[in-house]
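Shared between the two complexes below is chain A, which has chain B as its partner in the first and chain C in the second.
What follows is the complex of A and B.
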């Protein structure tokens, strides 16, 4: 037994005070290595090969191709279009998310009646399956749907989800709507850390509510803003379900094609696993770079 | 501008009538909150209305239930296509497996990471944090290769469950909880000769009940709503979770149905209800877990 070991023993110095910890953490460590560590290494490895899925048992050559996959991806107009689509998504989604969730969180923080009801209602889209909410948005935005019926002659032609201009903005709006409740709660927590005295002092100095919001609230929640921007960017780069179901597989004409949908097409449907793995490496690298830049810019100010 | 003149006016009211400012701002705050609630809840209301409509009515009048146009037939239609009971059981097995793995493996890991000292603890903790920030795209292809090709677990519940088996957020919640417990609490039990496992079972777990509920509720939402992973590895319809079966219905079958939106929305209601009920019942735990992560962030 661990407790019986003499204090200061050699084993103790080597393994730490509670060697039983290894037994406790072993299943989780095995899980991390088998399902994240190994696949991560495999992902980088096969991205340098012409690795494709063959019929089980078949012997196929999978030659080393160096950086060919990466070069081919970066030159592929479909991939470039998918990256531009994510950029469009982020340009619409991130500012909207930051502004709306901060405004709603500030209103929730004001100790108004029914706040538990409001807080709950904002969070419901976040806990509901994308597949379920896409069902109702498909109906709402469909050609003969509620929105077009209300707009009458103002409805766009072709309709929203099959319109090259509107497909991506609609996806950005639907995802903003779905995720907003999560960010409202993040901001709510950040707001509760701002000392009340700051507001009182500013009020004594004659600062109005808008001035107080800009001078105290906005800088006070900056760490939360960094987190919101980074998480929203990651979600944008991970888009799959919405372009797959809402706009019928990244349509029209690739106007809502997303990188992950493209990885699915190339890697799983076409079997070019090496090519798709390289795409994953590029995306993950891009996301982590953007996150680091966001963090640097937002926290330096 | 309207806002700035309104601000000046309230500032004046503030000086003349104390309390007047508060009521003005309360009204504005409530208006913002109420508008938000309408935007967030209307699609759910509309989902339910649409699921019970006999003839799809996309007009404004269709947003109000019409007793002459109500039916349960949409639920029968979707059930004929995707066997709701079977797919709900599949969703339940997938979710249950993840909850079990998270509880058994994650709780042990969280306790060890917080209360036990051993070399390499920091490495495991940092690996866990890395999982929380690495984007899923990086894992999609290699996980598919590993699960389907290496382990041969396509069309298999285990293959569905494994990548989600221990929720990293839950491990983090467990660790944060056990960190708050003083070491002395466990020392005396150790003096009495209790094994670490007995200490965990009879002291740590009963104390951690609130954080266990929080972690399991947060974990539940993931696999129940997950679409991409089970979609990738299940081709057999009788193994698909409801989210996957409904998505396949939307993308392939719906175009041929008489009232496609009616049956899609009936399926959506069945898929949404368990998660929404779990959330509404346990909403305090959700809020706490988020407030906790917000403070850390």
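What follows is the complex of A and C.
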């Protein structure tokens, strides 16, 4: 049965029941389009050209090269290495982040002395500038640093940051530590939504603290876990500062080179904007795919 | 997708199209690219200079002197905006079409890229352009020509690098601090061993082992300039570093890394100032920085069999000034550039910063200064034998390729040096041919 269109139907169908809502979302929508949408579209466009940035009005050849940039990148051993590096990073960083932040959040959610102090402590690294924090870690992991002094003869040779095996795990560890506060906060918020009665009922049924954690807390914060996994993956894939500063530009011998650091080197330093843009497109596509898989796996009932 | 999200997506797309067309138009007519008559145009101009206090003081003095005599051609000077590096800031500014007329802080290695981007004015466009540069700088001016034979930069000032050493550490190690045995590779290596064993330092010398493209300028390149008698990394399109001289230098550094006299891990701070390293490769700026804190001496970089100090070449660590195409009043810009590089302004630069103007004979031009500041004289003498980075297409990528090969073969020793250098030379040959 056909329903008659309400008065002014066409306009309403286009703009919805409360057109004023668009006025409220407009500032952010414009911000998003101008600072994310437009550059994203432009970088996809650039990736099909042998592009470099030039002065306005300058006569320069920037030929259309189709998929050449993509083909070249996929065959570039430095890029392949960078992708493997960042995959290694994510494999270490993401599970570690999920486990540590959930355990810490659960602990902070309990009746703990100095709770506020601990909450703040976990959050401080997150809001501190990477550059400042990295200075401390450099000192900790360097050849004559605190860690090696403590380990004595057990210290690896070559030392951590110049060791091809250890450079990437160390970076994953430092980034996990740095970001942890943010994820703890996400989990703390999620924990508020778990009804206390569930814990009480479980306790009456004789469940111990570990059982209660596994059977109530973990499934109770599942939506937050999805968010944490996806965010940690995206942030991890954009790794730049740590390999740039902690291991001296992706060293040793490219063992900690990340795709974004490589994009910076190619696009900004060496002026191959088309090539770097294509890398960005590949990376964005890969991250979106991984996030979609994460979401699918974690959210299915 | 729900209907609401389809609606949102369509509105967003429209917005994006509108916005991109606005930006597109802006981008096309936003830049003031001056025509051919511009070389004669006069009027107010804008310039940028470096942001360290010494160079700011020089810039302010020179601009004030010019403005006093040229009320119709006023120069407005600003410090170069802060960024990851000056080159990035300048590159972005070229793309935006808002570069000032002159920048007194243009790295020669970045010049080919700026030129390719259509950002630089060839100074040969001015009738006395090339002759002025050649007269002021002498034979070394040749190194600043691009592969098309034009000057897109005026060589301005140099910080020729030398070996700076800590006399106190040498004394502790039982070495003669006044005549340190650092001239040949063998001497240098045995001195380095003694310093680390007896001098109480972590390293004999500690250049950054990082992977950035510019790092070779402070380890391999000065020694290569010396060993090869003044060759550039690439000459006439042909890589030179995989020759006998280049391999000798690489093997020398390899020995230092191999024996742990030079660590392959970056020092977190200033190893020389912290007395963790007995020596450093630095330019004359170091005199002002370390002068009072460290009892220092300076000698030329070593060569395989030793060379008279008066024959040793080194890396220039030079900064040029260049004119940018967004400049409208190029006549004024050129006159000001000559004014800022006149003997008087160069003298002021030396006085205020201790950096060496790119003049044919610095010592003879400013005898009073060197009489009053004898510690600068060794650097000034060295300034007459500097080697520049090659001004070739893809210059940054060329240095990155070299650095990668050097890292794996010399710093970390995972690949044989000759093999890594030959492979890099093949790549670099293609890069600098511009294809």
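By our rule, the second predicted complex is superposed on the first by the 260 of 301 C-alpha atoms of A that agree within 3 Å, B and C clash if a C-alpha of one lies under 4 Å from a C-alpha of the other, contacts with A are read in each partner's own complex, and residues count from 1 in each chain.
One rule holds for everything that comes next: contacts are C-beta pairs under 8 Å (C-beta built on N, C-alpha and C of every residue); 3 or more make two chains touch, one makes a residue touch a chain.
Here the structure is a predicted model, which means the values were calculated and not measured.
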| item | value |
| --- | --- |
| Touched partner set for A:254, first chain B, second chain C, both or neither | second |
| First (chain B), second (chain C), both or neither touched by A:130 | first |
| First (chain B), second (chain C), both or neither touched by A:80 | neither |
| Chain B versus chain C as contact partner of A:139, first or second or both or neither | both |
| Touching partner for A:289 - first (chain B), second (chain C), both, neither | neither |
| Partner chain in contact with A:269 - chain B first, chain C second, else both or neither | second |
| Dominant contact partner of chain A by residue count, chain C or chain B | B |
| Chain B versus chain C as contact partner of A:38, first or second or both or neither | both |
| Touching partner for A:238 - first (chain B), second (chain C), both, neither | first |
| Chain B versus chain C as contact partner of A:16, first or second or both or neither | both |
| Chain A positions touched by chain B in one structure and by chain C in the second | 14-16, 22, 29, 32, 37-38, 42, 53, 135, 138-139, 142, 144, 248-249, 268 |
| Contact footprint of chain B on chain A as seen in their complex | 1-3, 14-22, 24-25, 27-29, 31-32, 35-40, 42-43, 46, 53, 103-104, 107-108, 110, 112-125, 127-140, 142, 144-146, 148-150, 177, 180-182, 185-190, 192-193, 206, 208-210, 223-224, 226-227, 234, 237-238, 240-241, 244-245, 248-249, 259-260, 263-264, 267-268, 273, 276-277, 279-281, 283-284, 287-288, 291 |
| Chain C partner contacts - residues on chain A that touch it in the complex | 14-16, 22, 29-30, 32-34, 37-38, 41-42, 52-60, 135, 138-139, 142-144, 158-159, 161-162, 248-254, 265, 268-272 |
| Contacting residues of chain B [partner chain A, same complex] | 3-4, 7-8, 10-11, 25-26, 29-30, 32-34, 36-37, 39-41, 43-44, 46-47, 50, 56, 58-60, 62-63, 104-106, 108-109, 111-113, 116-121, 124, 127-128, 131, 133-146, 149, 162-163, 165-166, 171, 190-191, 193, 195-196, 200, 221, 224-225, 227-228, 232, 243-244, 246-247, 250-251, 261, 264-265, 267-269, 271-272, 275-276, 278-280, 283, 286-287, 290-295, 297 |
| Touch list for chain C against partner chain A, complex | 4, 7-8, 11-12, 15-16, 19-20, 23, 27-31, 33, 84, 87-88, 91-92, 94-97, 99, 113, 116-119, 202, 208-213, 263-266, 268, 325-326, 394, 396-397, 400, 404, 407-408, 411-412, 414 |
